[in-house]
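Labels A, B, C and D are assigned to the chains in the order they are written; within every chain, residues are numbered from 1.
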Amino acid sequence: MPGVPPTRFVFLGPEGTFAEQALRTIPAAEHGSRTPARSVPEALDAVRAGDADAALVPLENSIGGSVGVTLDELADGEPLVITREVVIPVQFVLGARTGTPLAGIRSVAAHPQASAQCRRWLRENVPGAAVIDVLSNGAAAQAAAAGEHDAAICAPIGAERTRLTVLAKDIADHADAVTRFALVSRPGPPLAPTGDDLTTLAVYIAHDRVGALLAVLTELAVRGVNLTRIESRPTGERLGRYVFFLDCSGHVAEARMGEALQGLRRVCADVRFLGSYPRAGADRPTPAPTGTADADFADAASWLARIRAGEGL
Amino acid sequence: MPGVPPTRFVFLGPEGTFAEQALRTIPAAEHGSRTPARSVPEALDAVRAGDADAALVPLENSIGGSVGVTLDELADGEPLVITREVVIPVQFVLGARTGTPLAGIRSVAAHPQASAQCRRWLRENVPGAAVIDVLSNGAAAQAAAAGEHDAAICAPIGAERTRLTVLAKDIADHADAVTRFALVSRPGPPLAPTGDDLTTLAVYIAHDRVGALLAVLTELAVRGVNLTRIESRPTGERLGRYVFFLDCSGHVAEARMGEALQGLRRVCADVRFLGSYPRAGADRPTPAPTGTADADFADAASWLARIRAGEGL
Amino acid sequence: MPGVPPTRFVFLGPEGTFAEQALRTIPAAEHGSRTPARSVPEALDAVRAGDADAALVPLENSIGGSVGVTLDELADGEPLVITREVVIPVQFVLGARTGTPLAGIRSVAAHPQASAQCRRWLRENVPGAAVIDVLSNGAAAQAAAAGEHDAAICAPIGAERTRLTVLAKDIADHADAVTRFALVSRPGPPLAPTGDDLTTLAVYIAHDRVGALLAVLTELAVRGVNLTRIESRPTGERLGRYVFFLDCSGHVAEARMGEALQGLRRVCADVRFLGSYPRAGADRPTPAPTGTADADFADAASWLARIRAGEGL
Amino acid sequence: MPGVPPTRFVFLGPEGTFAEQALRTIPAAEHGSRTPARSVPEALDAVRAGDADAALVPLENSIGGSVGVTLDELADGEPLVITREVVIPVQFVLGARTGTPLAGIRSVAAHPQASAQCRRWLRENVPGAAVIDVLSNGAAAQAAAAGEHDAAICAPIGAERTRLTVLAKDIADHADAVTRFALVSRPGPPLAPTGDDLTTLAVYIAHDRVGALLAVLTELAVRGVNLTRIESRPTGERLGRYVFFLDCSGHVAEARMGEALQGLRRVCADVRFLGSYPRAGADRPTPAPTGTADADFADAASWLARIRAGEGL
């Protein structure tokens, strides 16, 4: 639960992938247990069942293709909340056993999406090598370490774990790609606001109603709540309903976010609160827009109370 | 004050005009004192000074041209609130002393705006008559009664008061014109909501800011508050500020209106509450839109409280 | 018609009021005929009938109470368009026959709304004088000149015309009040845009439809058209319809205004174009917001044409 | 190109997956060549290079995790357009070599996301079986056919292709899940509107600008363009820019869509048109909202032309 430091961590495995690398950036995880899960649902179910205190799963990335699964799993079943986000750069390396020269590489093990992201580099540097699809970045490193293939595209932690030599680093075609992970726990009182927080929501609206999404965004905008991410997904269960995953600037304990949430609750088919947590990378704090700070709400509330009491106005 | 039945009434005079006719529709005014005032400011100042309990003044009409004055006076100076609206049809009559035939009428006394509204009728029925401008509908009736002119365009109550014979009634070119009056008192606790109330506001915004008015209306719309009237007026005091007079569906004691008012308070340069009162003509009640009833706000508030407490969601 | 310089002018009379003062600021009017009309409808009908080329009538003020009449007359009947606005300061003076000392004034003739605007000054400077209501500012000056009353509250031009001595000037309680007049003609090609123009519209919407006005304003806002004035008026003819008078920044010949007008035409019950004309007081030009200049529209149109043709994108 | 029937098709391989199954629903593909690609980028590059006429790739699903890749590839590089969408139900089957009883299954080959979607069925029906991760649904079928594992979770076409016996069908936990594929070609004149079309766009906006997305949606809403899908993605290239992928109701050849596109072009950092194509499943046509049909736009355009010409209004 938020508030109680978790000690038993689960993460999307296998070992040696970006998820483990992300988990290692959390101090508490260094002192706790870290168990890999075979899938996002398995990781989240471990938390739901009480077998783990927190799960680290990918939330938004261009790597593992698990984002949709994560969102769907958070929106369904027993409620869970995000208590922390971890954003790490996607720094692919080419790893090989010691002594292997770049020129001698004939086969490269890689997750299909990893090799897709390094296509330009591969074409220019190892044009003759065959790319062998494997199931994960971690599996790629292990395959190279085991001598099954000459080299692997993997995360730095994967190369380190399997004692591969890094022949080249930062080989992704887009140098500044990042992956965003969420640390997920069972519901509890949210952490105190830091002044630069995000709140994640799953909002359900009726399908094909013109302006429904516009109405949702307007509920946020009039309270000065900005949107940093939005994703619509069809709900499998029932045709004619859509769910939107929103990342909003602000914290549920703030007045502006509280009023916005109540507005969504009133106008949407359903709303699921998925956590308020500090924004990763505190270098760009976003203050509440003019008129939407807690003090502004408090002033407006006392003004209204005076009017309702028929006092001096 | 609202809550305490007023006994001393003032109205925009002179006697025999639509304002007096409107005042006579209020039961309490039948038992209290009814004093004419020379102007809207004089009527309102009598209430501010405590010399009267309530003033009946025109709020919206096409007759007396006093609307702007009423709004400006409500927006400036010591606060006052509207506690009741009275809407009466504008039924102009042509009155003349007994025995005067229509064909013999050579002069018609009329307020310029009254004669303007009866132009077609005058042209078709007394084409040869001269129209003599006078200062009010009441003065027109008195002039005809005194024999200064052959006939008068006046309110039914004016003809009755001066014992004129009604030669023709409903002579206005637009048959269904109405005038809307406001009963104004010193601030006090608003009357209880009736389920079909209006709330009047004066809202100040910065001039020339693109979208400023849109922002005001959005604050209302997201809480399901409809607008039944809007009028912008330049503020004499300071260039670069505009004031909007809004009539909104709903009552300040309702949750949706309360939240909308707080929103305006937060985003506008200034807001003045000018009263919540029953809508005249209860035949077209307007229920709160879906999701904006008090029960919806209460449900949303307890839902938010559960989230903030970290309870089961 | 716009484009053809008018030579026969009519204005809201009588002579010696602010309307005549405003008309005299128009160069062409100095060389043409200037005929007072008894009412706004009479002035506009003279133009409709071809008896005058242009009429100068009050559009927005706190003086004559004729604004509503002007708007209603523009919205009804044969179409007319505004070709020019004239904004003049409301500078009331106290005029008296030569030799009358301020201390000796026992009666002051004034239009009721003029005396209402000078109440503070009257109270402080001629506390013992009786205020006599008359029908216009011009009539007040004439009454003082004729010796019927000791003094008059009137426009500077009224004092000059009747050879009154100005005992005090700028006596209005609000020093910077202005009156806005419109020069109205029969429809014709609008004047060329100046870069700082206004467009006036009468927009009809269905009553009580939540968000109808919001929809109107959104049509303007998305094209970068700002609103400088708005006034709602009930339509006499039919219950359940409302008309809004809008003054918008921009000219009908501009792309952004053209698209906004078409949008209103599509979504509103009715729209009447009431003219595009230079904004009075060129000291505060308002450039089209980013992305809404004619060049931006032209760029977007050619981009769309390429897409529809299946060209390179 | 749109307009010219494609004959050389490429699809996201390997053979025996849902992508091939989707491609087979297109009549032209039955008569043309059908080549599997190793990845979405490879498939799209084949079209860009002219080696194929059209590529069938997943656009929106909960299966392959390739959606993000597809979107990113469409937004970058040489322009491509969607000419057709194919929506097929996700009907997972459990396939095994002939003679294998359900009770005897000890290992099940499956793509990780396929097994994730069938977790409940696996737990209830083959609780003792180990789930073996493989790289695709097609690879799972091949592994079972080759005897490497006892059974496979695969698409019906995969079981048929590898001559597996279907032990159970419709084993996904959510019975009505669907996958949506796009047929992608080089730019060309769009197909004629059918009255029920979708248009896909990539819209770039400045990051963290409050209300930026609201502005985008408003551009659509005021022209009656509905949104059926939205997804935000960070742009790898440059921090501080966001791209939104939008599926909108309507066709680029329609007036409402044309004006909406021009509006986006004017207010957004960038817009890429990704095709107009018939909506799959013609059972729920969505007519243009009131006032947004082509005839409404034509009427408004001729009305504006009359105003600009100064004609009768």
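Everything that follows uses one rule, which is that a residue touches a chain if its C-beta (ideal position, glycine included) is under 8 Å from a C-beta of that chain, and two chains touch if they have at least 3 such contacts.
Computed from a predicted model, the values in this text were never measured in an experiment.
Student: Which chains are shared contacts of chain A and chain B?
Tutor: Of all the chains present, none is in contact with both chain A and chain B.
Student: Chain by chain, through touching neighbours only, how many steps does the shortest route from chain A to chain C take?
Tutor: Minimum number of steps from chain A to chain C: 2.
Student: Where the CA atoms of chain B average out and where those of chain C average out, how many Å apart are those spots?
Tutor: Inter-chain centre distance comes to 23 Å.
Student: Just give me the whole-number Å value for how far the CA centre of chain C lies from that of chain D.
Tutor: Distance between chain centres, rounded to whole Å: 57 Å.
Student: Indicate the whole-number Å distance between the mean C-alpha point of chain B and the mean C-alpha point of chain D.
Tutor: About 58 Å separates the centre of chain B from that of chain D.
Student: Using the touch rule from the top of the page, what residues of chain D touch 2 or more other chains?
Tutor: Those would be 218, 221.
Student: Okay, what are all the chain pairs that touch?
Tutor: A-B, A-D, B-C, C-D
Student: Which of the residues in chain C end up touching chain B in this complex?
Tutor: Spelled out, the residues of chain C in touch with chain B are 38-41, 60-62, 64-69, 72, 112-113, 115-116, 119, 131, 133-135, 174, 176-178, 207-208, 210-211, 213-214, 217-218, 221, 224, 226-234, 236-237, 239, 244, 284, 286, 289.
Student: Mind pulling up the chain A residues that touch chain B in the complex?
Tutor: Within the complex, chain A touches chain B at residues 1-3, 79, 187-190, 215, 218-219, 221-222, 252-253, 258-259, 261-263, 265-267, 272-273, 290-292, 296-297, 299-301, 303-304, 307-313.
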